[in-house]
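Next, two complexes with chain A in common: one pairs it with chain B, the other with chain C.
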Partner chain A sequence: MRFFKEYLLPRFLQFLLVTFLGINAAFFIPRFFSSDPILETISTIRSHGTYLDPGSVEKIISDLKQLYGLEGTLGQQYLAFWRRLFRGDLGLSFFQFPEPVVRLIGRALPWTLGLLLPSTLLSWALGLLIGGVGGCYPERRWVKVLDVISMLVRPLPYYIFAFALLIVFAYVIPWFPLGGGLSIGRQPEFSLQFIREVLHYAFLPFASLTILGTAVMYQMSKLIVQSLRTEDFVQYAQLGGVKGRIIVFKYLVRNAMLPLFTNLVLSLGQVFGGAMITEIVFSYPGLGMLLYNAVVQADYNLILGITTISIVAVTTGIFLADLVYPLLDPRVRYQ
Partner chain B sequence: MKLIRDLFRDYRFAVSFAVLFGLVSLAICSAFSPYDPRRWYQVPRDQPPSSKYVLGTNSKGQDVFWEATFAIRNSLVFSLIAASLSRAIAILLGLIAGYLGGWPDRTLTFLTDTFLVMPLFLFIVLLSMLLKGRLTLGILGVLLGFFGWAWDARVIRSQVLSLREREFTKTALLSGMPTLRLVTKEYIPHVLPIIFSTLINNMSWAIGMEITLAILGLLKMDIPTLGVMLRWAISYQALLLGYWWWYLTPTVLSILLFISLYWLSASVSEYLDPRSRLQRVGVR
Partner chain C sequence: MWVIQAKGLKAFYILHILGHTKIVKAVNEVDLEVLENEIYGIAGESGCGKSTLLKALLGVTIAPLRLISGQVLYRKDGEELDVYALKPEELRKLRWTFIAYVPQGSMSVLNPVRRLSRTLEDFLASHEGLKGRRQLMARAKDYFHELGLPPKILKAYPHQLSGGMRQRVTIALATLLAPKILIADEPTTALDVVVQRGVLQMLTDIHRKLANTLVLVTHDMGVHANVSRRLGIMYAGKLVEEGEVSELFTAPLHPYTRFLIKSLPKLGDKGSREGVPGMPPSLSELPSGCAFHPRCPLALPICREKEPLLSKEKPGHRVRCWLYLREGP
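Up next is the complex of A and B:
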């Protein structure tokens, strides 16, 4: 009970509050700007060369107001927004008209999560292990090589790194497809060939996210372990004759895990954005590509929907990670 | 002199200094450009690199080399604006939260944490979308500056928190030094190394964000920056047509810029404060 009251409850409340604030920001930001999505939509329609008489412009304006939830005062809009949100209704996409935003996002989300979850977990585990062992033996040659590689990869932003991989492994050496999630016209089926194709298409975006993530985790884990190595408890264990392997994994890596985990959790929002950027480079059919299309077509409803869902996804991810944390840190468990 | 010799002993500093020096000279070269970067069809189109056009020409009839000099200049300028603004916010909030403690600290820390965990990229896209067409370099710098401070405010706060417990704070307060002077005269010098290294890292973040926004087509496409150059190359299918000099120029330049900025900040902050290494790689 004490664990529930002192650990879980505050985190749950914070989760609710952060989600609430984020969604509010997504609601209010567009309304602070004079730019009017409705007038912009109409001018887009006009720029396609369609003639609109004043009557139909009026009709379109009132239809769009309804569509975007822009009827009534700000307070009414706000209440209506939350009411719709709880019903799981994010409005309709304007450019893929009567398609609801929720369904578009629902189609894209599995792709993003399928890319994001394995690459985040893998880069976390890899970075922790390699960095931890590297921190114990900083004089070995392979550690120095990895140091230089991580110093080169770490500062690159998601877009540039993914783009460089695309140029090298899809254009110069055509090992992987130029983009997309599946070859055109391919229907999902349960067969070995289909799975192989999915993996083939996912490889470059996956590699790009994993390598960048691992470089960050590697550097951190290595530094933490290096500073832990001189601590008294480690030297005591060494003098007491504890085996080297046990010191590395049970004493050092195990201890580096906690700050690294906290860090992973805090950077989840950034990683999420990074996955979306990577998808844009590889035209991977996830949320990032959906966002790209929404931006190109100025589909406000869709962008708001993506932002809302992403906020919920990230804060939920952080909350779930908070639930896992006691498993890693016995101090929380036995509090 | 000794300081410079010490710094150059670190190979990372020497390399990044040389590369940055080259890039900044390129940026300065833009002042002597024979072409106006906004005008099209000034030279023959799609020429590969030659003695006349060092880096070839693009499908818009512009000389890629001179276009690149403007791109570097503009990217550096707006990232400096963004990084300085977000530094100002980070220092202010970090100092206030760290020094005052209590409820201002709790409120500000909550605000910072909220900023930290949000998928900011989406908010930046949303805002640029609403500002579309009005996103000049200055406005872009301010916009990115408003989003880049959270992590650094946290670091500065924790520094001030530990400074506040140190003896000299009590000595200064008891001898009647005004709080404002204590903060500016005593605390700011202590956090300067962190401010410097985060300034550079933040510039790098802003340039990366700009490239992404340009690819999304949210920037004014007539002001050349690294991202805008790349976007033009991609939208003219330079990759498929094999105009490697066009798409590789902004890519390679930005890779050089990112790596050298990172190495510079790493070696300088390590020199100024060896203990800051843990913080620099972002251990929270």
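Up next is the complex of A and C:
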């Protein structure tokens, strides 16, 4: 009960508040921009050389207003926005009219999740473990080799690294496709061959994210473990003759997980924003690609939809992490 | 018969600060023998090198601490072992089964994310193998019961225990495998008086039950008066006096020891107590001659120039002071 009142409740309220404020920001900020999406759309149509008579301009404006939820006063728009949101309705995409934004996101999401969830989890776990063991034995040869590799890979801008992988393994040595999530015209089906194709297409983007992510985690984990090694409880266990394997995993890596857990949660939250650069470089049909296209085409409903989903995902992730954290660190249980 | 012997033991901290090297002479030519089944006390002001001496005796010289010279011997089953010549694995096996240690500030020596039972298991399993794990835990439970510790605290995490309880648990953990030697560093410091008494009682009980050797380090002379049998006084990394507690407290020889004893509160004594005048010297810039001479009211001209040796003044009583040793080394 005390756990509920003193730990859970404040965090839940904080979660609600931050989510609410975030969505509000997503709603209001575009409305404070001087650019008017409707006039821009009309001028886009005109710039294609299409003649619009005043009557049809009026008609288009009212249609667009309805489409963007821009009818009525700001207050009415605001209420309508929340009402639709609770119904799970994020409006229609303008450039892929009349697809609902929710459906577009729903189509892109599996690609993004399938790519980012495994690579985020794997690079976190792998980096933690290798970095942990490396922090215990910094004098070993393989640790020094890994140090050099991670030092070389990490400062590379991600897009250069991703491009290099693409050029080498898809163009020079054509082991992998140049881009996309599936070969063109392929329909999803439940077969071994289909799964193999998905994995084949996902391999390069997955590898680029995982290698870089692991290098980052490796360095952080190694640093944390090295400083943990001077902690009293580690030195005492060592002095007491506790076996090396127990010390490495149950004392060092286990405790290094605590500060690194926050990293994991934040990157899991960011998964829902998509990995825009990855998806552009590898033409991967995920959320990041969708967002990129939405921005380029000024598809305001779609931008607002993806932003809202990301906000909710990040705050939910942080809230869930707060719930899980006491299982990792018994000291926070009753604070 | 001795169980630990230190010969000319020197262990310094070698620090590299901003390009130049600083040497902290924390243990400086210490010779001592700790006997079988005794309580050997080590006293001295804070910072004089007591904890470092214990580390050197345990064979734990992790950078920046370095063994400069000297030897530490253990006598185990009639055999003399040279600690610094042992292989790491041999040394590891001696720990907890032959020699165990309760470190200073034992508040932070338990893994914060592990239940006590698991920590106990880590130590037990590392020395006795994982096979009889149930049996091991049953033994741990019995042992806790014997020591008057509620066995249910085995399920607790370290932060859930009070300071006194944590100290007792650390002592229990150190003596689980019935070591021949137990080394305890300031086990009562930072505890309140009532708890202190309980912890000391526990240490002496274990000492009696295991019939082992207890090396007890504390700056608190009152504790030594009550618990220790023999006592070594350390000053600036060196042993300056050593003898039976009964003799040291009634007829101290070294002026420093006299100050330490005078600073003890006595029953019915209302006046303010005298401390040792002046400040302890820096162990990286020791005074010439006898390190105590700047604070010594009885200093002779020679004290400033030459270091006295630790000489046997009477049987079983050694002192390092020019007042007793007329001839130079």
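Everything that follows uses one rule, which is that the second predicted complex is superposed on the first by the 319 of 335 C-alpha atoms of A that agree within 3 Å, B and C clash if a C-alpha of one lies under 4 Å from a C-alpha of the other, contacts with A are read in each partner's own complex, and residues count from 1 in each chain.
We adopt the following convention: contacts are C-beta pairs under 8 Å (C-beta built on N, C-alpha and C of every residue); 3 or more make two chains touch, one makes a residue touch a chain.
Just so we're clear, the structure is a prediction, and the values are computed from it rather than from any experiment.
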Chain C versus chain B on the shared chain A, clash or fit after superposition: fit
Which superposed partner A:239 touches (first chain B, second chain C, both, neither): second
First (chain B), second (chain C), both or neither touched by A:250: second
Which of chain B and chain C A:310 touches, first, second, both or neither: first
Angle, in degrees and to the nearest 10, that opens at chain A between the C-alpha centres of chain B and chain C: 80
Contacts of A:171 with chain B and chain C, given as first, second, both or neither: first
Contacts of A:145 with chain B and chain C, given as first, second, both or neither: neither
First, second, both or neither for A:292, with chain B first and chain C second: first
Touch count on chain A, higher of chain B and chain C: B
Closest approach of chain C to chain B (Cα atoms, Å): 10
Shared chain A contacts, counted only where both chain B and chain C touch the same residue: none
For the chain B and chain A complex, residues of the former touching the latter: 12, 113-114, 116-123, 125-127, 129-132, 204-205, 207-209, 211-212, 215-218, 230, 239, 247-248, 251, 254-255, 258-259, 261-263, 266, 277-278, 281-284
Of chain A, residues touching chain B in the complex: 18, 21-22, 25-26, 29-30, 33, 35, 151-152, 154-160, 163-164, 167, 171, 216, 219-220, 223-224, 227, 259, 262-263, 266-270, 272-274, 276-277, 280, 291-292, 295-296, 298, 300, 303-304, 306-307, 310-311, 314-315, 318
Partner chain C, residues of chain A touching it in the complex: 231-233, 235-237, 239-243, 246, 250-251, 254-255, 258, 328-331
List of chain C residues in touch with chain A within their complex: 58, 60, 62, 92-96, 100-101, 103, 105, 108-114, 118, 122-123, 125-127, 157, 159, 173-174
